[in-house]
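Both complexes below contain subunit A, partnered by subunit B and then by subunit C.
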Partner chain A sequence: MELRQPSSLADVDGGLPLAGGTEVVPLLRDGLVEAETLVDIRAVVPKGVSGTTIGAGTLLAELEADPEIPSALREACRLAASPQLRSMGTIGGNLLQATRCWYWRLKYPCFLHGGSTCHARQGEHREHAIFGNEQCASAHPSDPAAALLAVGATVRTDRRELPIGELYRLPTEDDRNVTALEPGELILELEVPRPEASHYLKAMDRARWAFPLVGVAAARFGDGVRLALAGVAPIPWALDSADALEQATPLPGTAYKVELARPLIRRALDAIA
Partner chain B sequence: MVNGGLHEVDVPVGTTLADALRDVLGLTGTKIACGEGHCGACTVQLDGVPVLSCITLVHTVGEREVTTIEGLREHPLVQAFVEADATQCGFCTPGQIVSAAALLAATPRPGHDEIVHAMSGNLCRCGTYPKIERAIEAVAAENRGG
Partner chain C sequence: MARLIRTEKEVEGRYTEQWVVVEEDVLEQWPEGPLQTVGRPATRVDGLARARGEARYTQDLRLPGMLHAAVLRSPHARARVTRLDLEPAMAMAGIRGVIGPSDLEPLTNEPNYEGEAVAAVAADTVAQARAAVEAIDVEWEVLEPLLDAEQALAQKSFVTNPRDYERGDVERGLAEADAVVEAEYRTQSVLHNALETHQSACEWEGDTLVVYTSTQFLWGVRDEVAKAFQLPKDKVRVICRFMGGGFGAKGSAGDYTMIAAELAKRTGRPVHCRLDRREENVNSGNRNPTIQKLRLGARSDGTLTAIDAEYECLLGWDGWLPPTAGPAQMLYACENVRTVERGVRLNTPPMDAFRAPGFVEGTFGLECALDELAAKLDLDPLEVRRRNHADHDPMDERPFSAKELMECYRRAEPHWERRHEVRARSEGPVQRGVGLATQLWYGGGGPPSYAWVRLGGDGTVTVVTAMQDIGTGTRTAMAQIAAEELGIPLERVTVELGDTAHGPYAVVSGGSSTTPSMGPAVRSAAADVGRQLIEIAAQRFETEERVLRLENGKIVSDLGGSWAIEDITGLLEDGQILGNGARGPNPTGMRVLTFGIQVAEVAVDMETGEVVVERIYAVHDVGRVINPLGAESQIEGGIIQAIGHTLSEKRLLDPQTGKVLTRTLDSYKLPTFADVPEIVAELVDKPDAHLTNLGSKGLGEPPIVPTAAAIVNAIRDATGADVREIPVDRETMLRALAEAREREKRGAPAAV
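Coming up: the complex of A and B.
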């Protein structure tokens, strides 16, 4: 394996991008991704907050302390991981985290790995999905992604701009990816509108940092309110209204997540009222 | 830079900082427990900020200053941990002290909530958390002038 450390975007040519490493290094070690070449992109991806623009290389620890960004995003970053991880991990990398589904992590030949079965649907699935779970019941682990979905952020890559909702896609027979990024495409910046009020809440197995069982982001713009959930679907999940929770399709072991989400949504809506 | 000394290590790309510290430099005070960034046992400081050395690739450290538990031998937290009996098996203790030292450097007199928040990335399977808090509070009290 070799490590390249390009100093400009033009010099990035293939290889596996590495920024904070909190995601990529464990995936490499577990053989879930393979690479001949690692590309340290820290010098080429924008960092910091400028107006409503956030560099994808900005650390979660910086965002959680930034008074200028929407409070839902600030709180989602604060709750996302341990202090050490938040001081290492970037917002861009956080958005591209792989699922914590143990079948996927243990390399079962599951739907997400290209197989024909979701082992979680028949097996252990306490931490899994209640929406979009027909073919793959994995849960997306990113708290900030839900916050960014609720505030209607736009993602700028080295090739295009797209609403964050379009960054993610449910895996299909033809394409098992959960993001729409092309090979080698890099997230560079996020454009994050400022809602009049926003809030993020999450339920975890522990009182201090853990992946979300259910995360709820709510944002208010004028008279409109937008809701998005973390940990409930293979991708961050936008919810048209609190009532849309009734359209959930929980598995026997995840029905409790619907009951967890209901009061969290109510509390988040109260907080931004 | 490790604990004030300059080291060049010749290891394959993909080697973690924790492995380089332990196996190349012989600084075995840094512990590896989960090996995947969950537990905090491998915590070291990079330019004063606590990070997880088991998921930091050594080739990305560059010229930043690494501080391990060996570099904190004289820190008042060491004696405070002893006096508060803040260890049981002791395996997580180096990481605990490295995190706590960074907290006290940034915030010499942290409140209870600040301590809990800053230390939440260091797990202790023996459950010595109340005594760890007591040790940090003891040093914070000294910083407060007793």
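Coming up: the complex of A and C.
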């Protein structure tokens, strides 16, 4: 395996991008992704916060302590992973995390891997989805993605700009990816509007270092409020209103997530009122 | 003079009678309370070496020419190998040896659980070995696994015969009761996840097999390996100088040792076989799940009239039946007790001992049911426990060698009193409560266990014994005992352990037996040196032995005057004073047990089901405490591990295939430091006057025993919800809260 360390975007030519490595290295080790060439993009991708722009190479550890960014994003970064992981992991990489679904991780021939069934639906799925789960019940693991969705962030790649909502897509018969990124496309920056108030709440299995069972991000712009959830669908899930929670389609083992989301949504809305 | 005696030996509740030769041990116990070194906090003698990375674990071994093994393990819970071609593996780069089912005992063509070993390879690098395992051409006929406990019970699929126990008449007892609780409790399978995974490196030196291994029992591994390879026992040398934790699952040799030894034999090279974290979570033992059906009856004053308990222990494919009924049988002075324990065989990975096996599970059900009973009778749970205190062993009327449980209850009183103030701090959706639970466990240790002590010309002391320190601070405790007996500072004692070729036999570090077994042997050996030193000093200084004693590194005369120990040992130049020590028998006709109580304070979010443990008070009676600092750490460690078991840890299996889903540390959720509450640890620290020359019992297991029940009882106190299974995750908590609300709506009294 080869490691390339390009010094400019123009020098990037194929290969698997690697920044903090906290996501890619375990996937490589488990054979969930394969690559002949790794590309260290740390010198290529912008870093740091400038006004409302966040470089994709900014560490979660920097964002969790940044007073200028929306509180929902700051809190989502603080509640993600562990201090060690946040000191390596970047916000760009965090958005592209693969699901923690154990069936997918253990390479069951599931829908997400191109197969025809979702093993989680019939099997153990306590950490799985309550929305968008008809074909694949995996849960998206990112906390910051829900916060960015609630504040209406825009993603700038080396090829285009797109609202973060369009970065993600449910896997379909024809395309099992959960993001709209093209092969080789790199996230460079995030444009993060400043809501008047925002908040992120997270329920997890232990006090720290766990993916969200349910994460709730809420942001207020004037009279308008936007809600987004983490850990409840194969992708970060925007919720039109608190009532929209009742349209959830939980599995027997995820029904509790609806009960759990309800008070968290109410509390998040109270916090930004 | 050596005496041959017949004595009862107990390891984790399994009693056997055996012959033991014991030396006369004329040592009186030391007086109660802190002494010069024993009973005073000592930092770990090997702490710096561990922190600096200088301590060499099995994991760190890099023997010259060492090969690395990888194992083909069954990906199916039950299967038959219909085709196995090892040739493609042999053709791979760096491969030095390949073995299959016909080559070695634990390798099989018919795996009965996921992870059972089928074949193994040895290669120059780990990556090459893994690639070769992938290359093995294997076809499986996948068979229907037995995974359902009820189906297994109906088929009488048992690992061992069910175990029945009965005293009195439970039906009569239940009929006489003013209140009865009948409920089902469930505990989950949890995984040990020691920091160092299971592993061995094996090397043949001529006809001797050297086994470097991460183990809790050097001598057990020696015996197992010697038998498997048909070697005289001492042709197997087992070494474990530093060990990264076992928690019960490293008591035997394991397939990895046999695989490394066989591949080393075939390749003529040292071979290291190390489980990776994923294998560790599948294939290195687990605490078996239980389903417990309990009926408890009591009179209106709280006196227990009956305990009726049935335990289904889902052992997996193999293992042994842990003493799950132990607490029901022994904890309380109840006249009518009936227990049944069934060890159910399923196509899941075999259980192994896990820190107080059986008692952790059994105490959870019993102590939760007792609180439910106290609530029904509107009695104080602590008072109910006092009322049912067993003054002697309720199974056979034997006296306890010592029992300070009432003292534990007394000390816990102010912490239990805090419940009024804690409950009052409930605010909004967050309700607070306090719960308690009693602990009972073995931990008396026993013979045979030996130690040697040598005193050199420079006045330094070395304790030599082939025991293991599994990370519990044993080296430090043994050094303290030797220093105390010889009246020298701790810094002058070195402890050499971890090698069967360098020292005498020592017990398994399991069943909380290390300190109570080895401590007396070390003291005995140090006393032997001390006696000789006094004899020599008396001759050198022309005085009587009886006026001399050892104190502060000196030989002190009652008649005035003192001499540094080196003044005597220096005379001998390279000469050494050598001492022998052996562990005496346990007191005949007495039950040796450890006791304690823990009080948990919790906060429960009634809307989100979040449970936060805010404080745990623990007081345990384990006889004399050698190192209060180490003892406190043991209590903290046990409680932290128990918090994981109670709130977040659960091995998940796919219900269709029986495969383990939680193989990594992000999916199998051990507690983090953010989950650790304030822990207040106390020890009664009163020597057991009947037990050995030390009066010390073990503390490895007691602290993990009552925690789950104390936390769940606190949850009931806070919320009125009956939680009857662990872990109490969000789903379990929210369901219990919904049931409690439903019950209240129906007008039934809440169980508080």
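Definition applied: the second predicted complex is superposed on the first by the 273 of 273 C-alpha atoms of A that agree within 3 Å, B and C clash if a C-alpha of one lies under 4 Å from a C-alpha of the other, contacts with A are read in each partner's own complex, and residues count from 1 in each chain.
The definition used in the following text is that a contact is a pair of C-beta atoms (placed from the backbone, for glycine too) under 8 Å apart; a residue touches a chain by one contact, two chains touch by 3 or more.
Here the structure is a predicted model, which is why all the values come from computation and not from measurement.
> Give one of first, second, both or neither to describe whether A:Gln122 is in contact with subunit B, with subunit C, with both, or with none.
Second partner only, subunit C.
> Could you look at A:Val25 and tell me whether it touches subunit B, subunit C, both or neither (first, second, both, neither)?
first
> Check whether A:Leu106 is in contact with subunit B, with subunit C, with both or with neither, and answer first, second, both or neither.
The second partner, subunit C, only.
> Is A:Leu260 in contact with subunit B, with subunit C, with both, or with neither (first, second, both, neither)?
A:Leu260 sits against subunit C, while subunit B stays out of touch.
> Would you check which partner chain A:Phe221 touches, where first means subunit B only, second means subunit C only, and both and neither mean what they say?
Touch partners of A:Phe221: none, neither subunit B nor subunit C.
> On the A-aligned overlay, A:Leu3 touches which partner chain: subunit B = first, subunit C = second, or both, or neither?
So A:Leu3 only meets subunit B here.
> I'd like to know which partner A:Ser82 touches here: subunit B for first, subunit C for second, both or neither.
both
> Of the two partner chains, subunit B (first) and subunit C (second), which one does A:Trp209 touch, if any: first, second, both, or neither?
Touch status of A:Trp209: both partners.
> Which residues of subunit A are in contact with subunit B in one complex and with subunit C in the other?
Of subunit A, residues 82, 208-209 contact subunit B in one complex and subunit C in the other.
> Tell me, which parts of subunit A touch subunit B in their complex?
Counting only subunit A, the residues touching subunit B are 1-3, 18, 21-22, 25-26, 28-30, 38, 40, 42, 81-85, 87-88, 208-209.
> Quick check: in the complex, which residue numbers of subunit B touch subunit A?
Subunit B residues touching subunit A: 12-14, 16, 35-38, 40, 43, 49-52, 55-57, 59-60, 99, 116-122.
> Which of the residues in subunit C end up touching subunit A in this complex?
Those in contact with subunit A are residues 429, 607-610, 612, 647-648, 652-656, 659, 661-664, 666-667, 669, 671-672, 674-675, 729-731, 734-735, 738.
> So in the complex, which bits of subunit A are touching subunit C?
Counting only subunit A, the residues touching subunit C are 82, 100, 102-103, 105-106, 119, 122-124, 126, 203, 205-211, 213, 253, 256, 259-260, 262-264.
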